[in-house]
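The first chain written gets the first letter, and so on, giving A, B, C and D; residue counts start at 1 in each chain.
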Amino acid sequence: MNELLLIVVPLVAAGLAALWPHDRTRPWFLPAAGLAHALVAFSLLLRPPEAPFHPWLGYDPLARAMLPAVSLLFLCCAFYGVPYLRLRAERPNRVFVVSFLSALGLMSAAHMARHLGVLWIATEAVTLCSVPLLHFNNTPRAFEATWKYLLVGGTGIALSLLGSFCLGYASLHGGGAGDLTFTALMAQGAGLSRPWVLIAWVLLLVGYGTKMGLAPMHTWKPDAYGEAPGIVGAMLAGGVTTVAFTAVLRVRAVVDAAGAGVVANRTLLVIGLFSTLVAALFLLSARDFKRMLAYSSVEHMGILSFGAALGGVGLWAAFFHVWNNSMTKGALFLSAGNIRRAAGGRTIDEVSGMSVITPRSSALFVAGLFAVTACPPFGPFFSELLIVKSAFATEHGWAAAFFLVCLLLAFFGLTRVVFAIVYGRPRNAARAMDPRFRETLAVIVPPVVLLLLSLWLGLATPKVLREAWTAAVSQLYPKP
Amino acid sequence: MTLIREFLVRLAVWLLLAPLLPGIINKVKAWVAGRRGPPVLQLYYDLARLWRKGVVLSTLASPGFIAGPAVAWVAVLAAALLLPLGPLGAALSFRGDVILLVYLLALARFCTAWAALETGSAFEGMGAAREVSYAVLAEAAVITAVLTLSMQSGSLVLRAMLAPAAGTGAVLLAVGLFTVLLAENCRVPFDDPNTHLELTMIHEVMVLDHSGPPFAAVLHGAAMKLLLFSVLLVQAVLPIGKLSGIAAGGALIAGVLMVTVAVGLVESLMARAAFRRVPLLLTTAFLLCVFALLVAWKGGAA
Amino acid sequence: MNDLLNLLIGLAMGLNLVALGTSRLPSLIRVAALQGMVLGIMPLVIEHELRVMVVLIAVATVIMKGIVIPALLRRAMRTANIDRDLNPLIGFVPSLLLGAAGMIGAVVLARRLPLLPEHRESLLVAGSMASVLTGLLLLIGRSKAISQVCGYLILENGIYLFGLLLIHSTPLLVEGGILLDLTVAVFVTGIIVDRIQRAFDSLDTRKLTVLRE
Amino acid sequence: MTMGWLMSFAILVLVAAALSGARLPRLWLALTVTGTAAFLGAALWTLGGGAAWDWRSGFAVGNERLHLRLDAVSAWFLALVGVVGGSGAIYAREYWPDGERPESAGRGRGWWSTLVLCMGLVLLCANGLHFLMAWEAFALSAYFLITLERERRETRAAGWLYLAASHAGTLGLFAFFSLLAAGTGSWELGPMRDHPEVAPLFWVALFGFGVKAGMFPLHIWLPSAHANAPSHVSAIMSGVAIKMGLYGLIRFSGWLPLPEGAGWVVLGLGAASAVLGAAFSLAQNDLKRLLAYCSVENMGIILIGLGVGLLGLASGDTAWGRLAMAGALLHVWNHGLFKSLLFFGAGSVLHATGTREMSRMGGLWRAMPWTASLFAFGSVAISALPPLNGFVSEWLIYLGLFDAAAGHTQVAVAIVPATIALGVAGALALAAFVKAATVVFLGAARTQAGAHVHECGWWMRAPMIGLAAVCAFIALAPGVVWPFIQRPLAAWNPAWSVDDPPAPFATLGAVQAALVILIAVMVVALWLRSRTNGMRRALTWDCGYAAPTARMQYTGGSFAALASGWFAWVLRPERRLRWPRGPFPRHADFVERIPETVLERVIGPLSDVVMTASAWVRQRQQGHLPDYILYLVAGLAAMGVLVVFGSMR
C-alpha cells in the first residue's frame, strides 16, 4: 500500500498548500512533500513490493527503475524553489506550488500506471498541471510559450488517446475481454490484431514522443523551457520526459509481445537518431542558453530512444541514462536559472563574462556542460559509452558512427554557447535584471548536489540500481 | 703507435693539402683566360697573413661570431677524418658514419649562417638565407646519393660503401655529386667566389665581416670542404678500393686533380646561373642521384 | 438503429466539410458546436439500455462541446472584437478537396481494416478518421487562434467517435479519456479568454511568433 | 610491492598538489616536484630492469575493477611526464606568478598538477574504460591550462579549437574502445593478437590518437593552441601531451593485430608531417607558432620510426625495424626535452619583450645571454646536429631506414622516399631554427619591444639548464641510455629479441664527446689568437654602409622567403605589397600572412556546409504554430510509412 503514498502525499500536500494562507511560508511545502516522497520512493527501491497492489497501479520494476530519479530531482528542485520563490515575491505562488506538487503526484501515478487508460490519463493530467507552471512569469512570451505547449502537446496527447483506443480495439478484435492492463495485453501477445497494433504503435509513439520532445515533435520544447522558471524547466526535462519515455517503453513491450518488436525498434532507432541530429544542428547555431538546454534535452531524448531501440544492454544503458539525464539536466537548469537571474539577458549577444559576476554558478554551468556532453567522470559518459558499445555489439555500427558524429556536433554547439556566456568580459547589462539576486548557498547547493549525484552514479553505480534496471529490462523483455 | 702515426698523417693530408685546391682552380681559370694568374700557393700565404692579423668585430656581434667559424671548421675537419683516403683508409670508421658525415656538414652550415647573421647586415643575411635554402635541395641529393651507395654495397660504413659499381649508375652519380659539389662549395654556376657583386653571392657574402684568424678558419674550412667533396666524388665513382696501395693513392690524387681542373674549367667556361635557375640545377642533380639509386636498386635486386 | 447511427456519422462528416469550407469564424464555431452535439447523442443511440453512466457522458458531452466551449469562444471573439474572417493558410477550395479526399480515403481504409463483425456496417472508423484529418487540416490551415481551437475540437470529435467502438468493453477508458480531453479544450479556450481579458493581444497566431529561432 | 607504495604516494601527492594549488603556492611547488620526482623514480626503476608493476583494485570504478600497469613502454613516457612536469612547475613559479596574474595563477597551478596526474594515469590504466576517463580528464585539464589567459579573445578561440579537435579524437576513441570491448568481450587491455577480427580497429585508433599527436592532416588545433597558451603550458603540451597520442599509437600497435599496410600508412603520414611541418614552421613569423609547427615535424620523424618498426614487424624481420623503433622511442624523449627547453626559452623572451612577433625582436643576446645560449643549444639539438642528442635518435632512425632499403625488398618502395623526406625535413628544420635563433637573439633590436629587456631569473633559468643538461647527457653517453631503450622495445613486442645493442652506439658517444672537446679547444684557440692579435669593435662593414640601421636587417620573413616559396602550393601565403612610388615615396608596406591551410581550406568549407544545414533547420522553426502541427503530422506520416514498409519486409 506504500505505493499509494507516492501519489497521495504530494496531492494532499498540494491541497494543504492551496489552503495555506501565507505566500511567504507556502514554498516550504515543496521540500517537505519532496522529502516524504523521496523517502517512500527509496524505501520501495530498496525493498520492492512483491506484487503490484492493484492491477492498474503498482510500483513494478519499471517504475522502480525510473521513479526514484524523478523523486530525487524533485527534491533538489524543491529546495531550490524555496529561495527562488522568495526572490519572486512579487508573484503570488499559490497556484505555482499547488500545481508543482500535484505534478509530482501525477508523475508518480504515470510511472506506476499499469493500465493503458490510467497511464494516458495521468500523463495528460501532468501536462495540464504544468500549464500554470509555464505561465508563472505571466509575460506575453510566457503566454505564447504556454499556448504552443498546449496546442502542440494537446495534439500529441489526443493522438496518443487515439492510439490507446486503437490498442484497445486491437485487443478487442483479438478476442480480448477489454482488459487494458499491460500485463493482460502482453499476455494476449500474438493474439492482438497486428494492423491495429501497428497503427496504435505509430500513434502512441508520436503522441508520447511529443511529450518526450522527439524531433520533429519537439517544437514546443525550446519555447516552453526558454520561458519557464529554472526549476520548472528542470522538472520538465528530467521528470515529464521520463514519464513519456516510460509510457513509450510500456507500449513498446506490448508491441514486442505482439511480435512486431523489430518494427518498433526500427522506428525508435530512426526517430532517436533523427532527434539527435536535429538537436545537434539546432545547437550548432543556438544563441539563447535556455533554449540551448531545451535542444540538449531533445538530443538526450534521442539518445534514450536510440538506446531503447537497441534492446537488452542498450535498454539497460537507457535506464542508466535516464538517471544521469535527470541529474545533469537538473544541475544545468538550476545553474542556468541563477545566471539568468544575475545577467540581464538570455542570448550570447547580451550576456558574457558571467564567471566574474556569478563565479559559482558559472563553474557549475561549465561542469554541468561537461557532464551533459558525456565527459568523464560524470554519469552520462558511462551510459552513453555503454549505449555506443551495445550498438557496436548489436551490429549497428553505422548507426553508432552517425550517433557519435551527432554527439560531436552537439558538443561544438554547447561549448560555443556556454563559453561565450561564461568567459570573456562581462557586459554592463549584467546585474541590471535582478539586483536582489545573490549567490547564496541556498541556490548553489541544489545544483551541486545534483552534479555530485551524477558523479556518484557514474563512478560507483549502486548495486541496487543496477539490479533495478536489470529487473526492468527483464520486465520489458520477458524471457519465454 | 702506428695508429697515432696514421692518424697524424691523415690529419696532415687534410690540413695541408686542402688549400692547394683553390690555387689549382685559379691557375686553371687563369690559364684558360690566358693570364698568368696568382701562384698556386696563394691561399697558404693568405692564411698565414690572416692568422697574424688582428680582428675587427661588428659592434653587434656576440661571441658566437668567433665561435661560429671555429665550430664550422671543426665540423668540416671531423667530417673529413671520417672519409677514407684511398689506401690510407679512414681515421675512424663505424656503422652509420656516413650519416654523421652528412650531419657534420649540416652543423658547419648552421654555424656559418649563425656567424653571418651576427652582424645584422642585409647582405650577410641574404647569403645565409640562400645557403640554408639551397642546402634543402642539396641535402635531398646527398641523401639520395648516400642511399645509392648503401644500396649498392648493402653497407652503412663509408669504407665499404665507397666500392662503386661501374656503369651507368656510376656516371649518373658522378654528374649528380659533381653538381652538388659545385653547389655546396659555392662555385660557378651557383655562386661566383671572386665577383664584386654582393647581391649575387652566397658564401662570399656570408663572410663579408670576418677578418683575421676567424676568417682564416673560414677559408681553410671551405678549402677542406672542397677537398672532402672531391675525394668523396672520386671514391664514389672510381673503383679505387680494388687497386693496390700505391696505385690507389695515385688514382685518388689523379682523380682529385681531375675534379679540381673540371671545376676550374666549369668556372671559366660557364656563366653564373640566374638565381631562379639554381633550384632547377639542384633538382636536376637530385634527379640524377635518384636515377642512380634506381639503377643501384635493380642491380642489387638482380 | 445502426442506420440511425450511420446517419448521424454521415451528418458529422458533412459538418467536417462545412467546417473546412466556411470562411467566417462564427459559423466555424457553430459547426464545431453542432458536431459536438451530434456526437453527444450518439451513445444514447448505440446503447441498447440506457445506463446512468452513458446518459451522463452524453449529457456532459453535449453541454461541454455543444454549449460551454462555443460560448467561451464566442465571448473571446467578442471581447477581442477580431474580424470574423479567418484568413486561411490553406485556401478553402484546396482544404475542401483535401478534406473530401481524406474522407474518401478514410472510408476506403476503414473497409480494408480488420473490424469486428458488429462494426463492419457502421461508419464509425471512417467517420473518426475523417474528423481527425479535418481537425489536423484546420489546425494546419487556419491561422486564427480560435479557429485552431475549433480544429482541435473537431480532432477530438474524431477520437470520440473512435472511442465509441470501445464503449461496451472499456467504458471507463473512453469516458475518462474523453472527459479529460474536454478539459484540455476548456483549458485552451480558458487560457485565451483569460489572456484577452487582461490585454487585447492579437489572436492571430501568425503574430504569435516572438519565440523563434 | 614498493612500487605500489611509490605509485600511490605519487598519485596522492599530486592530488594534494592539485588541491593546494589555488591557495598555497609554496606547498604546491614542493608537492608537485615531489610527485613528479616519484613518477620519474618509478619510471627509471622500471626501465632499469625492475619488474613491470601490475595492480588490480578490490573496488570498482564505473563498474570496472581498476587495473593499473606500469610496464617499460608506459615507464618510458612516464619518465618524460616526470621531468617536464616538475621543471615546468618550477618554471611557472616565476613565469606565471600570483603577483602578475592574480586571477589565473592559482587556477593554473591546480590544473597543472591535474594534468600531470591525468597523463600519468593515462599511462598506467590497463582498462579501456579508465583509460578513456583519464584521457578525457587529461584533455580537459589541458584545455583549462591553455585558456588560463582567457580574457584574450584569441586565447579563447585557440582553446576552443583545441577542445573541439580533441573531443573529435576522443569520440574516435569512444568508438575504438567500445569496438574493442565489443570484440574482445571486456574492457581489459593487453596483448590481443589472438583476435584477428579487431585488426581494422587500428585505423580508428590512428585517427583518435593521431589528432592528439598532431599528425599532419589532423594537426589543425596544434599551432594556435601552442602559440596562445602560457609558455610553460606550451612546453608540456608540445613536450609531453602530444606524446600521449603517440603513446596510444605505439601501445596499441604493439597489442593489436595489425591490418594490412598499417606500416605503410604510418610511414607515409610521418613523412608528410615531417616535411610539411618543417616547411610550415620555417614560414612562421610568430616564434611560438614556429616551435609548434616544428612539433608537427618531430612527430613526423617519430612516426617515420614507428612506421619502419611496423613494417619490420609485418615482414617478420626484426633488425632494422627494431633500430628505427628504438630511434623513435629515443626521439620521444629527446623532443620532449629540447622542445620544452625551447618553449621555456620562448617564454622568457615573451616575458621580456611582451610579443611573439619575431620581426619585432633582435639583438636580445646582449640583455639575456642565458636565454640566448640555452635557446641556441636547443636549436642545435632540435636540428638534429651532432654533437647533441637530436642527432643520436635521428641517427638510429636513419640506420633503420638504410638497412631496410639495403634489403632491396618491397618495403624499399616506401623506405626510400621516407629517407629522402627525413633528410629534407632535417634541412628545413635547420633553416627554421637558424631563423628562429638568429632573428630573435642576434643583430640589432628591430623595435622598442626588443630594446630594453631583462634576463629571466633563476626560477626560470634553472629548469632550462636542467633540461639542457639531460640533453647533453643523452648526447654524450647514448651507450648508457641504450639498455633503457631496449626494455620498452621488448615490452612493446615480445616477439623481438633485443639482446644485442648496436656496437656503434658506444663509438658514436665517444665521437660526440671528442667533437665537443675539439670544438672547445678550437673555439678557445681562435679566441685567444684573435685577442692576442688585437680585437676592435666597429660598425658592421657590410660593404661600406656608413649608417646601417636596424631596419636594414634581414627579417625572418625575408630569410624564409626563398625556401618557403618552394612550398607555396601548400603554404598559400597571403601577401599584400604596396610599392614605394615617386622620388620621395610616402608609404610603402608589405604584409604577409601564412594561413592555416588545412583549417582554412578543408575544415572551413566542411563546417560551412554543416552550418548551412543548421541555418536551414532554424529557418523551419520560426514560431508559426500551424507549421509545428504540420511537422507533427509529417512525423506521424513518416513513422507510418516506416512501419508499413518495415512490416512488409
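As a convention for this text, a residue touches a chain if its C-beta (ideal position, glycine included) is under 8 Å from a C-beta of that chain, and two chains touch if they have at least 3 such contacts.
These numbers were taken from a predicted model, which means no experiment stands behind them.
Asker: Chains touching chain A and chain D alike, please list them.
Answerer: C
Asker: More C-beta pairs touching across which pair, A-C or C-D?
Answerer: A-C
Asker: Averaging only over C-alpha atoms, locate the centres of chain B and chain C and give their separation in whole Å.
Answerer: For chain B versus chain C, the centre distance works out to 99 Å.
Asker: Please tell me the distance, in whole Å, between the geometric centres of chain A and chain C computed from their C-alpha atoms.
Answerer: The computed centroid separation for chain A versus chain C comes out at 31 Å.
Asker: Chain A to chain B: how many Å between their CA centres?
Answerer: 78
Asker: Provide the C-alpha centroid distance between chain C and chain D, rounded to the nearest whole angstrom.
Answerer: Here chain C and chain D have centroids separated by 69 Å.
Asker: Which parts of chain B, given as residue numbers and ranges, touch two or more other chains?
Answerer: In chain B, no residue touches at least two other chains, as defined above.
Asker: Considering chain C alone, which of its residues make contact with at least two other chains?
Answerer: Answer for chain C, listing residues that touch two or more other chains: 136, 139, 148, 205, 208, 210-211, 213.
Asker: Scan chain D for residues touching two or more other chains and write them down.
Answerer: Residues 618, 621, 623, 625, 629 of chain D each touch two or more of the other chains.
Asker: If we use the touch criterion from the header, which chain pairs count as touching?
Answerer: Listed in label order, the chain pairs in contact are A-C, A-D, B-D, C-D.
Asker: If we count contacts the way the header does, which residues on chain A are in touch with chain D in the complex?
Answerer: 144, 147-148, 151-152, 155-156, 159, 194, 198, 201-203, 205-206, 209-210, 214-217, 219-220, 222-223, 260, 262-263, 266-267, 270-271, 278, 281-282, 284-285, 370, 373, 375-377, 381-382, 385, 388-389, 392-393, 400-401, 404, 407-409, 411-412, 415-416, 419, 423-425, 458-461, 466
Asker: Of all residues in chain A, which touch chain C in the complex?
Answerer: It comes out as residues 116-117, 120-121, 124-125, 127-128, 131, 135, 140-141, 143-148, 150-151, 154-155, 157-158, 161-162, 164-166, 168-169, 172-173, 176-178, 180, 193, 195-196, 222-223, 226-227, 282, 291.
Asker: Spell out the residues on chain D that touch chain A in their complex, using ranges where they run on.
Answerer: Touching chain A from chain D are residues 60-63, 129, 132-133, 136-137, 140, 147, 150-151, 153, 156, 160, 163-164, 167-168, 171, 174-175, 177-179, 181-182, 610-611, 613-615, 617-618, 621, 623, 625, 627-629, 631-632, 634-636, 639-640, 642-644, 646-647.
Asker: Going by the contact rule set out above, which residues of chain C touch chain A in the complex?
Answerer: Per the touch definition, chain C meets chain A at residues 113-116, 128, 132, 136, 139, 145, 148, 152, 155-156, 158-159, 162-163, 165-166, 168-170, 172-174, 176-177, 180-181, 183-184, 187-188, 191-192, 195, 199, 201, 205, 208, 210-211, 213.
Asker: Tell me, which parts of chain D touch chain B in their complex?
Answerer: By the definition above, chain D touches chain B via 362-363, 365-366, 372, 376, 380, 383-386, 391, 394-395, 398-399, 402-403, 405-406, 408, 412, 416, 419-420, 422-424, 426-428, 430-431, 433-434, 437-439, 441-444, 502-504, 507-508, 511, 515, 518-519, 522-523, 525-527, 529-530, 533-543, 545, 548, 550, 552-554, 558-563, 566.
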